[in-house]
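You will see subunit A twice below: alongside subunit B first, and alongside subunit C after that.
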Partner chain A sequence: MNWRKIEEEFFLVMMRLASLLILAAFLAIMGTVIYYGLPALSWEMIFSAPKGGFYLGKEGGVANAIVGTFYLACGATIVSLIIGLPVTLVLNVFLKRGSKLAEFIRFSFDVLWGVPSIVYGAFGFTLMLYMGMRASLLWGIITVALVVLPAMCRAIDEVMRMIPGELQDASLSVGANKCETAFKVFARQALPGIVTATLISFGRAAGDAAAVLFTTGFTDAVPTSLAEPAATLPLAIFFQLGTPFPEVQQRAYASALILTALILLVSIAARLTGSRLSKYVIK
Partner chain B sequence: MDNSLEISETPHLRVRGLNVYYNGHHALKNISLDIPDKKITAIIGPSGCGKSTLLRTFNRLIDTIEGVKVKGEVMIDGVNIYDPKVEVTAIRRKMGLLSQRPCPLPMSIFDNVAYGPRIHGERGRQNLRNIVESNLRHVGLWEEVQDRLHKPASELSIGQQQRLCLARGLAVEPEIILGDESTSALDPVSSKKVEERFLELKNEYTIILVTHILRQAKRLADYVVFLYMGELIEHGPAAELFANPKESLTREYLTGIIS
Partner chain C sequence: MASLRKIKERLTCSAMMMLTIASGLLLFVISLGLLLRSREILEMKPIMELLTSSVWKPGRGEFGFWPFIAGSLWVTLLSALLAVPVSLLCAVYLSEYASRTVRAIAGPVLDMLSGIPSVVFGIWGVLALVPLVKDYIAPMTGRFSSGYTVLTAGIVLAVMIVPLIVHVALSVLRSVGNDLRDASLSVGATRWQTVKLVVLRKAVPGLAAAVVLGISRAFGETMAVIMVAGNVAKAPKGLLSPAYPLPALIANNYGEMLSIPLYDSALMFAAFLLLAVVIIFNIAARLILKKMENIR
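This part shows the complex of A and B:
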């Protein structure tokens, strides 16, 4: 057997192993969550807020955290999309090709992406105190929006950078200005990327515990306004897992199952609408 | 065909002392040139001589590149388009561009053609329908697409896409059509179709084509501009320039000694 053949065999095996590893990790995590969580999962878990003594193993559910997480993740994703989309359009349409400023902004986002979310939490907390306000859903949304913004921007930006210059030329050359080119051509062409970026952001926002710890607070009530504190599933999981009672710990797994299902549902919905909207994209 | 070629006193497009620098690299050197109205002008020359650059200065698409400096004048209807007071969208509207690779916009066939007119304020449904139909007919695409106008433009073949792009450019009623190697990505049949359109359109439009195919220049051009390393070496009526080049560089290029 010659050397090149051995090399190819080797990498083929490695690739199969790597795929297997990813699949195994996914199944192991889902398996654990389902195995421990499913027995504790009940309608009460999903539809009722904690009653007195819930964390001691008495009645109630995590409806407060489900609703809180949903509001928080939606709010933060929408806020960061409203900021992120114009920013990436400026980077790719308004700044010239090869602009130094654009490169610097991209580099900044890369750095910010790597900053752990507890740092954003501390930053949001400081800002909140400085403004003389208290932990609330609003501050949670602001802080988590900051956490997901860099990933959102870079994910959209990567797709927009692949758009050939000719497409911009085509739009400009019929007399369109940059604004029209950005929103009518670039935003459309990048739509699949925008959907993916929104999904990544939603998942990260829903799963973040560190940034909401100080800024969103935690409460047993289902939130009804932006000014109230709100519970979130990651923190609910954390608190439940921290109790010494096995039945409460099992509820933590049920909560994790709910969190995973929530993200899965939103992903599927977004993919479906995304593929319908992107039928005009030029390949 | 009318082969006598007088450049009118004031042609649409005149270039005076044009210099272009890319971050200091001197890409066009002191070009002065009149482009004859309602004729096909071919810009020829070896790769990297500045053909695309010259074309991009005509509709100020050169502005979109970082670090470019333009000196000199490009006059369209007596107005220097590099005058700061000039509105760039109005300039670009006067010129349709057909790039090397067909580049439909990410929308339906109908919306591609209606894109320009809509931007310039046309809202009437019936008007838009008329504009789309007449321009698609103009490029010989109407019969092929009339029953799938609302399908994505990306479903068309490459050759059809290129004609769609031409229709999109024509829909804003330009005076000048610019083509940068517009047939080089197409198969022979499609490029023949596009060439036929050019020959038809020159009765109404001033056409400027960049090409590296000498045979294509001979087939289409009434006027030829030869560039070499950023300099304008020779320009003149096609028949004369191809038969009797005045400069030795031109002769060498035409005979294939330099390329």
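This part shows the complex of A and C:
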């Protein structure tokens, strides 16, 4: 065997080991969450809100946080879709290919995508104080909408860029104006991508903790209006784990299992709908 | 009717343009907002003192950020040291060697790994890594440790940034034309020689950008770090001492910051610092990637 072969074999082994290591880390995380979470999981955890003394180990569950997470993630995803869809349509339909403004906005989303959520949290908090308001579900939704907006826009933009320019020409040539082209042709063509982007954003919004820490507050009640504070699962996990009581820490493990299951389900749904819807798209 | 249609178009058009321009300004607005809020402390103290002093006593008006900056540097650099070789090897494997089946498994696994929320990474750190460091690794060096250390945080962060680095590195490697590979293979180079001398040489700037993006992600990560780093406001002395990185500082003290003068301004300055570093890293990385034929 010559040294070329040996070198090749050596690196191949290293590469396989590295890939296996990543797989092992993933399995270890899932294994840990399931191993500790499953025994602590009960119907009471899922369906009841904390009762008195919950954080001392008494009765109750995390229904408040599950509902809160759902409201927050839905709200934030809808808000960022309402902003993100028009913006990506402008980038792809209204502005010419290679337009400086479009380039700049794409670049700024790329950079925003890398901004950590704690910074959005601090900014949302600043804005909230500036408006003279208190922590509430509404401010949580606004802050988290900003967190997921860049990912949403990048994902939709990526699909829209693939749409052939001829489609736009065809639409304009039969008398449709730019708005109609944007919403009736482009938005429909990009629908699978939009659905996938929405689901991915939902997952990110549901798992985010650093941004809601400042702006959403925390409460044991199930929120009934936008002006009330709300609990979310990630924060519930964080607070439960922070108590010195083993019974409460058990609940953090169960809550982590619930959150992980929720997010994995959403990510699988994103994959499936993406491929299912794409059969209606003109290629 | 025709005019109504026109009015509708005008209105939607201008509303959409405004929304687009507003979102383009978001980065400036965020930076400006945080800068304005940290102005108070910047007027009171020279910036060099804030960055280099290690005395952190908010109650007495002493704000030295050095312990937190040092903590951030320790955990971030350690995580990069651990994650970069593994991620790059994995990316090269997936792009140059792996079979279709392996790729079909690797894609979803990496997606799911990047989708796991950071609190769950934190829980994993607390349940699996903290006891490991406390009961096995620290005794091996003959020292006592609580398990909440730079090392623990570095490992957790490393696992968190692996999917990002692999993802970007993969798209960089894919952008290297197949004709180059074919040419190299056809003159008798082995697959590894092709990778080493042709593909990697072409991909180096892009791979560097992938690493920079990973580092900046680790630098800003909050919840997982806060759970495992120990949070002691002293600059770490080694892998087995606790750390208190900047994001953890901000997240841990939001509750009391309004009751102590200058405290909120100091924390907003910390957020601004974080943002400034991350923006610089991201702009650099994105400019490199953009040069390499629009990789996202």
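Here is the rule we go by: the second predicted complex is superposed on the first by the 241 of 283 C-alpha atoms of A that agree within 3 Å, B and C clash if a C-alpha of one lies under 4 Å from a C-alpha of the other, contacts with A are read in each partner's own complex, and residues count from 1 in each chain.
Operating definition for what follows: contacts are C-beta pairs under 8 Å (C-beta built on N, C-alpha and C of every residue); 3 or more make two chains touch, one makes a residue touch a chain.
Quick caveat, the model's predicted, so the values are computed rather than measured.
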Touched partner set for A:228, first subunit B, second subunit C, both or neither: neither
Comparison of subunit B and subunit C by subunit A residues contacted: C
Touching partner for A:177 - first (subunit B), second (subunit C), both, neither: both
Partner chain(s) touched by A:127 [first = subunit B, second = subunit C, both, neither]: second
Which superposed partner A:164 touches (first subunit B, second subunit C, both, neither): first
First (subunit B), second (subunit C), both or neither touched by A:185: first
First (subunit B), second (subunit C), both or neither touched by A:97: first
Touching both subunit C and subunit B, counted on subunit A across the two superposed complexes: 177, 180
Complex contact set, residues of subunit A against subunit C: 4-5, 7-8, 11-12, 14-19, 21-23, 25-26, 28-29, 32-33, 36, 83, 86-87, 89-91, 94, 101, 104-105, 107-123, 125-127, 146, 149, 153-154, 158, 177-180, 200, 203-204, 206-210, 213-214, 234, 237-238, 241, 252-253, 256, 259-260, 263-264, 267, 271
Touching residues on subunit A, where the partner in the complex is subunit B: 96-100, 164-177, 180, 184-185, 188-189, 279-283
Touch list for subunit C against partner subunit A, complex: 5-6, 8-9, 12-13, 15-17, 19-20, 23-24, 26-27, 30, 33-34, 37, 85-87, 89-90, 92-94, 97-98, 102, 106, 108-113, 115-124, 126-128, 159, 162, 166, 190-193, 213, 216-217, 219-223, 226-227, 247, 250-251, 254, 267-268, 271, 274-275, 278-279, 281-283, 285-286, 290, 296
Partner subunit A, residues of subunit B touching it in the complex: 59, 61, 63-67, 89-90, 92-93, 95-97, 99-101, 103-108, 115-116, 119-120, 152-154, 165, 168-169, 171-172, 178
